[in-house]
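Structures follow.
Next come two complexes built around chain A: one with chain B, the other with chain C.
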Partner chain A sequence: MAPNGLGTKEFWAAVLEGRSGLGPVTHFAADGFPVRTVGEVFADDTLPGVDPRLAVQTDRWSQFALLATEEALADAGVRPQEFSPYDLAVITASSSGGNAFGQREIAALWSKGPRHVGPYQSIAWFYAATTGQLSIRHGMKGPCGVSVAEQAGGLDAIAQARRALLHGDAALVLTGGTEAPLSPYALACQTASGRLSRSADPERAYLPFDAAAHGHVPGEGGAILVLEDEEGARARGVEAPYGEIAGHGATFDPAPGTPGASSSGALSRAVRLALADAGVRPEEVDVVFADAAGTPELDRAEADSLSEVFGPFGVPVTAPKARYGRLYAGGAPLDVVTALLSLQEQVIPPTGPGTVADAGYGVDLVAEPRAARLRTALVIARGHGGFNSALVVRSLTQ
Partner chain B sequence: MTAAPLDYEEFLTIVAACTGVPLESLRTDDPTLTIDDLGVDSLGLINVLTEVENRYDIRLDAEGLTRFPEICALINEQLRPAPARTENSVVIDAPFDLLWDMTNDVANWPNLFSEYATAEILDQHGDTVRFRLALHPDDDGKVWSWVSERVMDRGNGTVRAHRVETGPFEFMDIHWAYVQIDAGVSMRWVQEFRMKPDAPLDDTGMTHRINANSKVQMALIKERVEAAARANAATAVAR
Partner chain C sequence: MTPRKAVVTGIGVMAPGGVGTKAFWQLLTDGRTATRAISHFDASAFRSRIAAECDFDPAAAGLTPEEILRMDRAAQFVVVAAREALADSGAPADQVEPHRIGVSIGSAVGSTTMLEQQYVQVSDRGGNWVVDASNVYPHLYGALVPSTLAAEVAWTAGAQGPVRMGSTGCTSGLDSVAQGAQLIEDGLADVVLAGATDAPISPITVACFDAIRATSPNNEDPEHASRPFDRDRDGFVLGEGAAVLVLEDEESARRRGARIYCEVAGYAQRSNAFHMTGLRPDGKELAEAVRVALDRARLPADAVDYVNAHGSGTRQNDKHETAAVKVSLGDHAHRVPMSSIKSMVGHSLGAIGALEVAACALAIDRNTIPPTANLHHTDPELGLDYVPLTAREQRTDTVLSVGSGFGGFQTAMVLTAPGKGTYRG
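So, the complex of A and B:
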């Protein structure tokens, strides 16, 4: 569920084409906010296709996941009722929970009083709500949880899903993450990071690794994936899995200004941990899906990490999110989807027209679709507040 | 005529908005279907109830109710206005016992009140009397008649009565209180009632009528009891 494409097929087409999903805020009058450009999936408050019984009790962010899950289960040919409920797990990521829902209820609390806070507030706003709704809807009673680590949480959730499979705690996990961060309260919270782009020009608002980078564009949506162990998947007749989650590493930044603190050190370590977990050497990585924060300092840190691990210009780097925004908990799962589709289609999607990498970064930024022999991809996600996460995705076909 | 304050269709509109269950599914002809059957969980029900409570500023206890028509009926019960109430009093300069005896001698009421044509005692045991009253024919020649039961408590100086055959009333409860004061005995009549929807008068109309008539009857009773008191005093002096 991305601002530039709904559904896996349309999203992939948009990403290859470099089609933009960015534009002005239409959800509400955002005049007072230092944000002019965002990535909206739907202009409407209520998402089409969501059962109205669920719509009344869920935030937009959960509704993205409900819709994405329908497609994911259908695509995977999974009928949950054919499994033992305890073999099915749900592990998603959320960076900020049910913002719009919570804001509405808090507004009712302070304008009208506590009796005007609806009962669904108790289940709709908090981070685990999406996992809970998916669990209830699809009868998934295995290990369930939520990962909260801003943009990095999306990778951490998938890593946790992988652990559940490796430990034998589940046979199949719904994982990934979504985010609906474009409501007034959600945007107000993000302004504190100082990382939002103030540009009103969708073509120039988010330019990661570009000399003109000046922040990111927030977007909504995300991705839900079906993860299972290979043996189980083959046993139920899966012939063409998208690929495997081969390794993961996560670290936390040292406090700024502390001795030995370097902006790239912790990230480099997360990348190395992920490669080691996957058992791949840096030169075996065919493409990197960058975090692409879009601010000079953070772009520099990520570029330094990539140079440290892969050498300057040592690996093709792409950031398709430049065309649809940073989706926080939804962003990295979408990158994982893009990485898997790249492995399948043997083509690296572009960062998009308009972005020209500053040569000083030493990054081989992919600006046009690039055909390549792709077997292993690295996805990087950094979360505001110090989270670093790296995930290795590998093709299962030789 | 008082219609239900919240008609069922409007109630279902609230339910649909609060639960997301489509209106068409809620408009079932099957009276056995429960809230659960219609796909509404406990939080959904709370959402409906608080919405109604906030809209009408009422409190609902729907514990144990399992079907929407029952809940709608509960809401409408809560939404009904409070019963009508009248209160009138008079101070009568006469001995307490005389006033008590004369005003509680129901068989003699046609001679005490101007409004009653007949008073027929149907049953009397102890302090409880059941009786039928009939008014003088009204302008249309109709004779209004009803049965009441009256329980007298001489010790506390109070009387409770209610209509057994309620006629145009949904109910009528009467409370009389006698209190000795310096100027005599204060006699207070409090009546609480609700008219039936098809009654010729509504609650407000009946309230006006009772207030007007009570003043007339109380003045008459005061005059007659005080006259009797004076006659008794004269007799006592003559002896």
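So, the complex of A and C:
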């Protein structure tokens, strides 16, 4: 579920073309907001295709996940009832929970009184709502989890899902993450981060690694993946898995003010840990899906880290999110989807027209679709406060 | 190579009834309750007007004015608890490479109090859907994203290893300790600060539990309102607090001569896939979590010396949980003492699981089982030994702690005395 494409097929086409999903805020009158450009999935408040009984008790963010899950299960050819329920797990990421739902209820509380708060506030706003609803809807009784480490949480959730499979705690995990951070109060909260672009021009609002970078554009949506134990997947007749989650690494930046320590160093460690976990040497990585924060300081740290591990201009780097925004917990799972499709199609999708990497960064930023022999991709996600997460995705065909 | 194992070497607690681990354990073993009329805000318009509140002065607890401005109450709790835990453990953080220090924190509702307070400002008390975004509180983004809570702990501990932040509702505490133990077992860290925090005593949280009548309306008698397993129980009493444990790799903890409270011997999560708030009376999925946790600890059901209950005091929970214990422990369920500390410190949502693990670690260390306070008339439908009113001194080598939460999540954890209890066959 992405601002520039609904459904995997449309999203992939948009990403390859560099089609933008960015535009002005249409959910509400945002004239007074210091952010002018966002990545919306639907203009509407109600999402088509969500069971009405569920729609009344879920926030938009959970609905994105419910819809994405329908597509993922159909794509995988999985009928959950054919599994033992305890073998099915749900591990998702969220960064800000049920924003619009929560704002409606809290408005009712403060403007009308406690008796006007509805019964679903207790289950719709909290960060675990999506995992709970997916578990119930699909009869999944295995280990459930929720990672809430901002943008890094999306990769942490997938890593946790992989661990459950490797340890035999599950045979199949629904994983990934979604986010719906564009309701008025949630967007207002984000303006305090100092990292949002104020540009009203969708073509110039989010320019990671560009000399003109001045913040990111927030977007909504995300992705859900079906992760399975390889042997089990093959046994049930899966012939061409998209790829494998081959390695993960996570580190944390030194506390602000720590002498001599750098945030690029912590990120490099996360990357090296992920490569080591996957048994991959840096020169074997064919493409990097960057975190692409879009602020000069954070872009510099990420670029330094990539140069340190891969050498300057040592690996193609891309950031398709420049065309649809940062989706927080939904962002990294969408990057993993893009990485898997890149491996399948043997083409690196572009960062998009308009972004020109500052040569001083030493980053080989992919500006046009680039055909290449792709076997191994690295996805990077960094969470507000200092979280670094890196995931290696590998093709299962030679 | 023997598998790596996580042991608890430090405890930090922020709980109702007194700041710090010592006050916490005293309250529990005295069987006193810390539930009272809500004082954090004017609750007169609410159905449930009682809670277990922390008497917490952030400045006295050592937080700087800048930290106090920056942090929501939940963050303040967890940072203070983390500092106590580090000090209690003999501060191994100073001797360990920062890259090998990890963090695993949980919270059900994050920085909800700051989010609500600031919302009231920018919305003109809920009057404006389009809030005023021209001049928001500078730390508001940190309140929107719960990751801030783990980040604050990482900063205070100087951690640069893996930092996890989880949120599985009311099982967040147990799940975060389990994830912290995993970081040790997987060799990703040698020291992990693991725990959970919640400060949910604010109007929106009280209102949302009012709306589903989950909390006790016994406003006339707050001290006796939290009555798990009692025939007259009428809902849970909201609480707040935090607990952080220092988890270490067993071998390095022994090498440095650390005091070891207990080992994290096994844990498992299962879900009921039934209802976001409803529980089936058979407790089947929780029983399955207990079975798997014991299996991983390589312990038979009759090795359990004490069951630290979820015991929220709702009609359905206590029935569900009792059934799960009967199914998973068999006949032994009728012999093993089982108690709920929520009778004394309330139900602090995600935090309580970590507080309960802290209580279990202390129970093992002191060979004392905290009671279920306010339990004057055990519900005859339940029928286990719920340790009414008075703490019990008895050998406690193996403890089972269970948790159950909205979303249908069920978690079980087994903790054992150092070097005892675990069958290493």
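In this section, the second predicted complex is superposed on the first by the 398 of 398 C-alpha atoms of A that agree within 3 Å, B and C clash if a C-alpha of one lies under 4 Å from a C-alpha of the other, contacts with A are read in each partner's own complex, and residues count from 1 in each chain.
Definition applied: a residue touches a chain if its C-beta (ideal position, glycine included) is under 8 Å from a C-beta of that chain, and two chains touch if they have at least 3 such contacts.
Since we're looking at a predicted model, the values are computed, not measured.
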item: Which superposed partner A:P52 touches (first chain B, second chain C, both, neither); value: first
item: Partner chain(s) touched by A:I123 [first = chain B, second = chain C, both, neither]; value: both
item: Partner chain in contact with A:A29 - chain B first, chain C second, else both or neither; value: second
item: Superposition-derived comparison: chain B or chain C, residues of chain A touched; value: C
item: Which of chain B and chain C A:A250 touches, first, second, both or neither; value: second
item: Chain A residues contacted in one complex by chain B, in the other by chain C; value: 57, 112, 115, 118-119, 122-123
item: Complex contacts: residues of chain A adjacent to chain C; value: 28-30, 32-35, 57, 85-86, 90, 94-97, 102-103, 105-115, 117-119, 121-123, 125-129, 131-133, 135-136, 138-150, 152-153, 156, 160, 163, 169, 184-193, 250-256, 258, 261, 266, 269, 328, 383-387
item: In the complex, chain A residues that touch chain B; value: 51-57, 112, 115-116, 118-120, 122-123
item: Complex interface listing, chain B residues touching chain A; value: 17-22, 39, 43-44, 46-47, 50, 53-54
item: Touch list for chain C against partner chain A, complex; value: 45-47, 98-99, 103, 107-110, 115-116, 118-120, 122-123, 125-127, 129-134, 136-148, 150-151, 154-155, 158-169, 172, 175, 179, 182, 186, 188, 203-204, 206-212, 214, 268-277, 285, 288, 405-409
